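The following blocks contain the structures, represented as structure tokens.
Same chain, two partners: subunit A is paired with subunit B first, then with subunit C.
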Partner chain A sequence: MNYFELFGLEAKFSIDLAELSATFQALQKTVHPDRFAHSSSQEQLLAVQKSAEINDAYQTLKQPISRGEYLLTLRGTELPSEQQSFQDVSFLMEQMELREMLADIEHASDVDAAIFSAQETLDIQSQNIWQKTQQLLDKNNEQDNIAASELLRKLKFYHKLQIELERIEDALFDD
Partner chain B sequence: MALLQIAEPGLSSVPHQHRLAAGIDLGTTNSLVASVKSGLPETLQDSNGSDITPSIVSYQQDTVLVGHAAEAFSVKDPQNTIKSVKRLIGRSLSDIKSKYPALPYEFSGEDNHPKLVTRQGEQDPVQVSAKILSQLVERAKSSLGGELEGVVITVPAYFDDAQRQSTKDAATLAGVNVLRLLNEPTAAAVAYGLDSKQEGVIAVYDLGGGTFDISILRLNKGVFEVLATGGDSALGGDDFDIAIADHIIEKSGLARPLSNSLERQISEQACHAKEQLSSQEKVQVTLAFEDALAANSEVSFELNRQTLDSLIQPLVTKTLRSCRRALKDADIKADEINEVVMVGGSTRVPLVRSSVGDFFKRPPLTSIDPDKVVAIGAAIQADVLAGNKPDNEMLLLDVTPLSLGLETMGGLVEKVIPRNTTIPVAKAQEFTTFKDGQTAMAIHVLQGERELVEDCRSLARFELRGIPAMTAGAAHIRVTFKVDADGLLSVSAMEKSTKVESSIQVKPSFGLEENDIINMLQDSMSHAQEDMDARMLKEQQVEATRVHENVSAALAQDGANLLNEQEREAIENALAELLTTSQSSDIAAIEQAIKDTDNITSTFAERRMDASIRTALAGHSVDEV
Partner chain C sequence: MAYSEKVLDHYENPRNVGSFDKNDPQVATGMVGAPACGDVMKLQLKIDEEGIIEDAKFKTYGCGSAIASSSLVTEWVKGKSIDEAAEIKNTAIAEELALPPVKIHCSILAEDAIKAAIEDYRTKHQD
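And now, the complex of A and B:
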């Protein structure tokens, strides 16, 4: 049973997150180890396995990047590995500029404004890519799937930038 | 020969009975036990009518005292009177010494497995905790009038794996079945949530004697989903006391090192001053010296709340930092929090209340006694887990407090399970060899958020041997981390091309090994071997009965739908065999009969689980429409 089937969902990218969460809770109410606390060790073990599988499925489907990647794997599209070198030189140049933008925040005269504008830049650019990714995933043919997998890889770069921005924000306001 | 009992077809072999269970709050400063009696959770009192037991154990000549009785020896006999042992379990000696330099105990043993030297010999901190647990379990037994099915023991959400494992080991030594280790803030949320039927997002701020936790939970139709947790497993009211004690020493013109007894006296004065200043603006601090030759036999001065606040401000600020990170991890803004619940005696300090109120922009809730709320929540869950509420909708979904990872080249940590992942969880990560022909690999398991190995906490090391010799990078070793519902970790490893699962001896970096526990158990029994055998026989018999009851009930419920004639017959035969064997006193035979039944019912158990998932999905989609 794949993760979409486990949650009674059609295997597509756009899903209702509120429904996903409700199904998650309903499933856990059935299989969670707490339901088997006075059962035999065998049933307890089985409950831990099922419950862990449902947790993993929920996490995978909840986050858009992992959901997209999982969907592509189900479709038989090979995901580009982390080690594989990146062909898109202009994208890498943009990423370096974004990194510099983040590094400059602490030297900005108005730190709050710099953080706000950096967040806005990241949001606009990544939302653009998300839009294209979603369209490609909905088309679901071999070529578009490969293209979508490349875009998901790019989105992971944005995800890392987002984490970096939060780290900077934390460090600045911790003192 | 005893006649075999056979139940009527279609009925469970045993009528439903109320199973006795209790919740235990094993605190740094105080411990409590509570249980659900006629539907209502309440704390259980000792023979003196007190429900709070100081977490103090005193090793006297012929006896071991626990609680109030031990407290009397606190200043008189500090070296043999162990206070706040919770701060010591699952920790290394260097850890303890750097955090608490003024402890009056003598330590022995290895750095990672320190023991306390008392007049009754060396005591592992786990053994000391077991003494406290034993007393609480005894109280529950006599108050409830029978043997316990099991207990729920609470631990700080921010406890790491070694501290959790040590707590469970203490229960094993105390001879009590642990239904679940439950995180303290989650327990408090249960007590509050069920009380108020609250829905939405709540924050639980739990500042105890030695630990601090912050948990953000979403409450929805009986489900308590922890979104994020954070904290510090070595920050609590004791640290307030230490800050005040340092101030007292400075004001009194004293200098360390001081005698153990004077250290205890100062720390008790500090604690007293802190408590008084919760309701008063100022308090008088008085120290009496035993040394008759001293110029002054007494020192006395005034301490006011403003001074107290300035002493503890940095500690309170530290807790708020954890709150901010937890909110961020939960992806929740402070104004989305519907309620803030205060737990732990240290939340009585006015500066703590006002700071937390300011941070979350709402007055915190204190309607349930902050000392009792955790034990009460634990009692409610113990009642559910014991099976007394089959139709109960309550479900607790907790998370891992700290990231789990492995050491990779260059002393870096590769995270396998990030913090705040819902448990239980199983995650695998693949690794490869570094050199041609490499046949072994050292695996180092770590817990923590930092990138360098030296900044994280070492949980265990093991070696994976028998990897087939290949060129560097060709072998694929799959390491699987599993965290169960108690938050306890187990690790296994497999080389993928050969599918050989390596037999791994995980040597815990801290705490006890299995052999230690067995030895301690034997030491604690007068007729060691016979007692151990009797205990093991009983455990196997209980498990056999449990398996028999479960499978019989399952057959009655689903046998017709999910099994063919042949399968059903095989299971019934195994059950009959199990019943006969379980009445013998042959431990190995009973164990085998359980194993046989497990094997023959494994497909049935899986089919039942899948069927219940299908039913849940169907019922759920009907709800949606």
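And now, the complex of A and C:
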């Protein structure tokens, strides 16, 4: 049973996150240790394993990048190895500029405005890539699946930028 | 996770940070990224007429190991021919910096950055 089936979902990219979360709670209840307090140790062990599987499935499906990658794996698309470096020069140049933009925030005369504008830039660019990724994943043919896996790699860089922006924001307003 | 002393040294005192003009015909630029951790690395080599690397600069956004790997590489490539530089292996970088297995990809990134820069140089000087 794959993760989508476990959650009673059709294997596609767009899912209802509220429904996912509700199903997660319901599934976890069925394997809660309290229910197995008087069961055999084997049954208790199985419940723990099932609980871990439900948790893995939920974490994978909740995050769009991992959901997209999981969907592609189910479709038999080979994902580029994590060790393989990414060499799209113009994309990396843009990434370098975005990193510089984030590094400049603390020197800005109006820090709030700089954070706001950085967030807006990241949102616009990543949403643009997300839109394309979703279209490709919905088409679901071999070539588009490969193209989608490349875009998911790009989105990981934006995910990292988002974490970095949040870290900068925390550091600036913590003290 | 604890960084090795050599990683910390390069991380705290990175060598050769900066940029050359990428349009200078003597300058070769290698850009690589690691999607797994979002690291971005730019390595630039200044190469003389004899094909000897006279200077190198880097700019890396990433973890301490990625910064140390690229900093170390700028020291290693200086004075080498491009063919010799192309021979630098990630295993040597990882060994020198005592990188733990989970950080080996940082040394791979640095090796790929050298290769990408040399590729850029060869494209610029095809004739």
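Operating definition for what follows: the second predicted complex is superposed on the first by the 174 of 175 C-alpha atoms of A that agree within 3 Å, B and C clash if a C-alpha of one lies under 4 Å from a C-alpha of the other, contacts with A are read in each partner's own complex, and residues count from 1 in each chain.
Convention: a contact is a pair of C-beta atoms (placed from the backbone, for glycine too) under 8 Å apart; a residue touches a chain by one contact, two chains touch by 3 or more.
Computed from a predicted model, the values in this text were never measured in an experiment.
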>> Contact-wise, after the overlay, does A:L92 reach subunit B, subunit C, both or neither (first, second, both, neither)?
In response: second
> Which one hits more subunit A residues, subunit B or subunit C?
Replying inline: B
> Taking the superposition as given, does A:F157 touch the first partner, subunit B, the second, subunit C, both, or neither?
Replying inline: second
>> If we overlay the two complexes on their shared chain A, which of subunit B and subunit C does A:N2 touch? Say first, second, both or neither.
In response: neither
>> Going by the contact rule set out at the top, does A:D56 touch subunit B (first), subunit C (second), both, or neither?
In response: first
> What is the contact status of A:S14 with respect to subunit B (first) and subunit C (second): first, second, both, or neither?
Replying inline: neither
> Of the two partner chains, subunit B (first) and subunit C (second), which one does A:K29 touch, if any: first, second, both, or neither?
Replying inline: first
> If you stack the two complexes on chain A, which partner ends up touching A:Q131: first (subunit B), second (subunit C), both, or neither?
Replying inline: neither
> Of the partners subunit B and subunit C, which touch A:A37 in the superposed model: first, second, both, neither?
Replying inline: first
> Okay, in this complex, where on subunit A does subunit B touch?
Replying inline: 6-8, 19, 22-23, 25-34, 37-43, 46-53, 55-56, 58-59, 166, 170, 174
>> Could you list, by residue number, the parts of subunit B that touch subunit A in their complex?
In response: 19, 149-150, 179-180, 220-221, 223, 225, 321, 325, 328, 381, 384-387, 393, 395-397, 421-427, 482, 484-485, 543, 546-547, 550-551, 594, 598, 601-602, 605-606, 609, 612-613, 615-617, 619-621, 623-624
>> Residue numbers of subunit A touching subunit C in their complex, please.
In response: 80, 82-83, 85-89, 91-93, 95-96, 99, 153-154, 156-157, 159-161, 163
>> Under the definition above, what is the set of subunit C residues touching subunit A in their complex?
In response: 31-38, 40, 42, 59, 61, 104-105, 108-109, 112, 116
